[in-house]
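Same chain, two partners: chain A is paired with chain B first, then with chain C.
This part shows the complex of A and B:
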């Protein structure tokens, strides 16, 4: 049997295997060492230029009621994808959304929020990305569900989808509401 | 109600497609004529139902029925009618319906006009078409239903992406899809041939017009997309090696190779398994082009997460279609025996070289396009591969290809006299060197690459014309005799001459426009003037105007040359309020040799940012592409195609039969 005719299919399988491994590597949910643990200690300043409108974000702000913490950046395209969903969530008022602005220029972030709308109650500016490391963030966007006691209940990597929101995140928020 | 009818029609089309996929194939295998005869009415019915669905969808867009989710998301009541209609395919769901509509149209034409095909081949081709249609219809119905209702019904729609509100882009997707889907015919014929286990001249003659038609449409589609990015994106460029552009360019490269290798299969009964493989690869690249652009997977693997069901289905569909056909190829291709032998220096040899270079070119683009995705998959950095990569890898591959393009048509089949061909091309070489040297003398600045590009373009143009002159023995026999010979030439020969000359013009346009473009970016206050390439652009002022569904700042430039008025140019910066999206609308003044190009940017202080370009030979770039398209059309009108393929009997008698 002439094996050279199998070359195309072998190449194809190779390509598919690599792409599939990517799919399995980056599924929607990633296990996080932090799930079930309290949020790390941090204190982020507000976005320069928005100080008077929006306060910064620190560990203390995450106690008292369940919240979502969303890590975003103006340069991140998938953040733009999930942005309308966050705006709708904000309008619904079910759960407050706090933002961590990751490795972003303040003026870019401000313009982004001005143009697209601002879904966040508070925004901490993490210019060098140090706090994000403590959270175990390795890419934007990521979204954490934090309960009333400041513990991380869930972590979602990549842009949120409405099915994530309805099937996983909102039930978690509801369950942890006092 | 209309939406439900459309949805129902899609379901019926799916059932018919399944029947069309199964019965003719099983019938051809078992010799049951009745089962094979299912193909024809199924193909016609399938087209009818998909057409009903598409008409319903278009109607919903025209009447702005926002109770339908896709309409609400991609249209708006203030949209001009043209863009309401174009909105039908300006989104994922609708574009998939358009795709299947074109597919079923082609399937139906094989059913209706393929009477001179051997019945078994026809049944198998239609069956493969049915399989493709079934896969797509299933995909639409399960994951991308365009007729999904929305509750509560919004008061107005979220508007068509303003970038798509443009006549160039409104018709760009249909042409691309005519190209992509056209290659499905070559694919279906290839799979049918693999199942039958034979490929002969009759087969190749059937495949060629389909491939040629698909190639024509794809050429025009790509040119339209490029033209659109030239005048809409406002940066004066026309090609950025963007993944979306590459996705349409890869099937074009593979399709061009297929077009040429099918000639060898038809004329010389050789390169069979390669032609089959190319047909599979071309359509595979078309599928990837269709899906990966729409799914957004090219930007990141993460984007599959946007809609995991859809992503998984796409992967499955690609896996079955491409993997399945390549597997069949691996099993069956060894049985295809090639007949015609040829030496390296021959028409066949030059076409093999052309195929090799085109295939490597397509692979280069493929690697560059998917490399970021690979790296992302194996957990590496986020990178983007940009123009420098493509300029360093793809462009050098095209240089030998164009050199050979000049020589190849001069060579005879089987064994050729290279020295003789080269001596007839001395004139072409001389012309190209002289023109490049003249450019070197007269043009003030330019790189070696630019002069090389000019020489290449001239070489190809001159060699193509010399070859044509050779054919009609111009200046060697009486001119009346030459004219008679010209009249007797088949249209396919004219097609080749026109298309190759078109490519030469494109190359000239690419080279000159990228080497001698003049760009001037500045802040201008009303009354200010700027001098670009000898033209004085004076900004008279900026006024606010109102379009049908946008507001715009319109600048007024008076252009003068040596104090004499040349043109008034009115570039706009538009704001589409529904999506809050600003769009630049460039003002372009062309004279066929160069474009004056002006765009208006943001207000800066008390002035405006303006960009003014002098783009030499840009019109040739797009004109050349249109000439290539026309060359394809001329070739397509060749008499041989109109009277249809030779029957298998004649092919058999000629001893061209491949294998038992």
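This part shows the complex of A and C:
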């Protein structure tokens, strides 16, 4: 007779396990619609005030070599958290970082970059956030890994951590380097 | 006097009815064409705000929700059908942006799971009753019958 009691208990434990696994999922990590697709068509001007030092960013700039595209803003606190990591990545020279400056005042963005350092090779200024919508951005900072053919390989939402970088992003970059 | 009362009544009605009608949509966002505006509202109510995930962009005060509301209206003005506008947003943000998820292989469990569970439960109940009916009581043994006769014969305590 013991199997008679075993089945309901097993079912109960199974359901609890499924529900509990839901508790540890991060509801802010959303599946991305753009992974595996080409980057959207866009053409962003440089940051006003930095035109002569830093060129803007467009779809054409994302072909030829793998790059990271980082969406940032000076008003965004988590951007400040990941910033030192981006600076270190820039110094290592492994992969170029391109920036999309999201809904920012140009003078604030310029001051931010001056004070903290500028990890970006190019920066496109997205004043009204319209291009960010084409990238499916819903929370800054976001970082995209783009391969040499201009395809989005990976997207990370929220501040990068060094483990994200070493376990996911850099291996993807290396794999897509010619 | 009567007129004053009518105005008061209308005001009271407006107080009850308006909060439902006026949501996060700001007057500046609205389209002048009421038909298009209504379509925009319908679409917005089915799109999730990705910042405050359990609100529609029609309800949400978030910056991104505002941008998406404006974008929906721009697409409508450009001549898109409702479905084209939805597809435009889904292409950027994925199925998750739809408050009513589509039926596809990723959502079968969501749509049909409850039906399957209910069917399993009903099947379990059916089996239980079928078994109970099959287990008819065994006929009494000779000793039991004898004891029963004795009990029936005696007049009890």
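One rule holds in what follows: the second predicted complex is superposed on the first by the 148 of 178 C-alpha atoms of A that agree within 3 Å, B and C clash if a C-alpha of one lies under 4 Å from a C-alpha of the other, contacts with A are read in each partner's own complex, and residues count from 1 in each chain.
What we mean here is this: a residue touches a chain if its C-beta (ideal position, glycine included) is under 8 Å from a C-beta of that chain, and two chains touch if they have at least 3 such contacts.
Predicted model only: the values in this text are computed from it and were never measured.
Residue by residue along chain A, chain B and chain C are tallied for touches, and B comes out ahead.
Look at A:66: by the touch rule set out above, it reaches neither chain B nor chain C. Of the two partner chains, chain B is the only one touched by A:19; chain C is not.
In the overlay built on the shared chain, the residue A:133 is in contact with chain C alone; chain B does not reach it. Contact with chain B, but none with chain C, is seen for A:158 once the two complexes are overlaid on the shared chain. With both structures placed on the common chain, the touch criterion links A:78 to chain B but leaves chain C unconnected. Contacts of A:119 after superposition: neither chain B nor chain C is touched. Contact with neither chain B nor chain C is seen for A:99 once the two complexes are overlaid on the shared chain. In the superposition on chain A, A:5 makes contact with chain B only, while chain C stays out of contact range.
In the three-chain superposition model, chain A touches both chain B and chain C at residues 27-28. In the complex of the two chains, the chain A residues touching chain B come out as 1-2, 5-6, 8-9, 12-13, 15-16, 18-23, 25-28, 77-78, 81, 115, 157-159, 161. Against chain A, the residues of chain C that register as touching in their complex are 50-51, 53, 63-64, 67-68, 71, 90-96.
Only residues 273, 277, 280-281, 299-308, 311, 315, 319, 322-323, 326-327, 329-331, 333-334, 370, 373-374, 376-379, 580 of chain B touch chain A when the two sit together in their complex.
Put simply, chain A touches chain C in their complex at residues 27-28, 30-34, 40, 103, 128-130, 133-136, 138-139.
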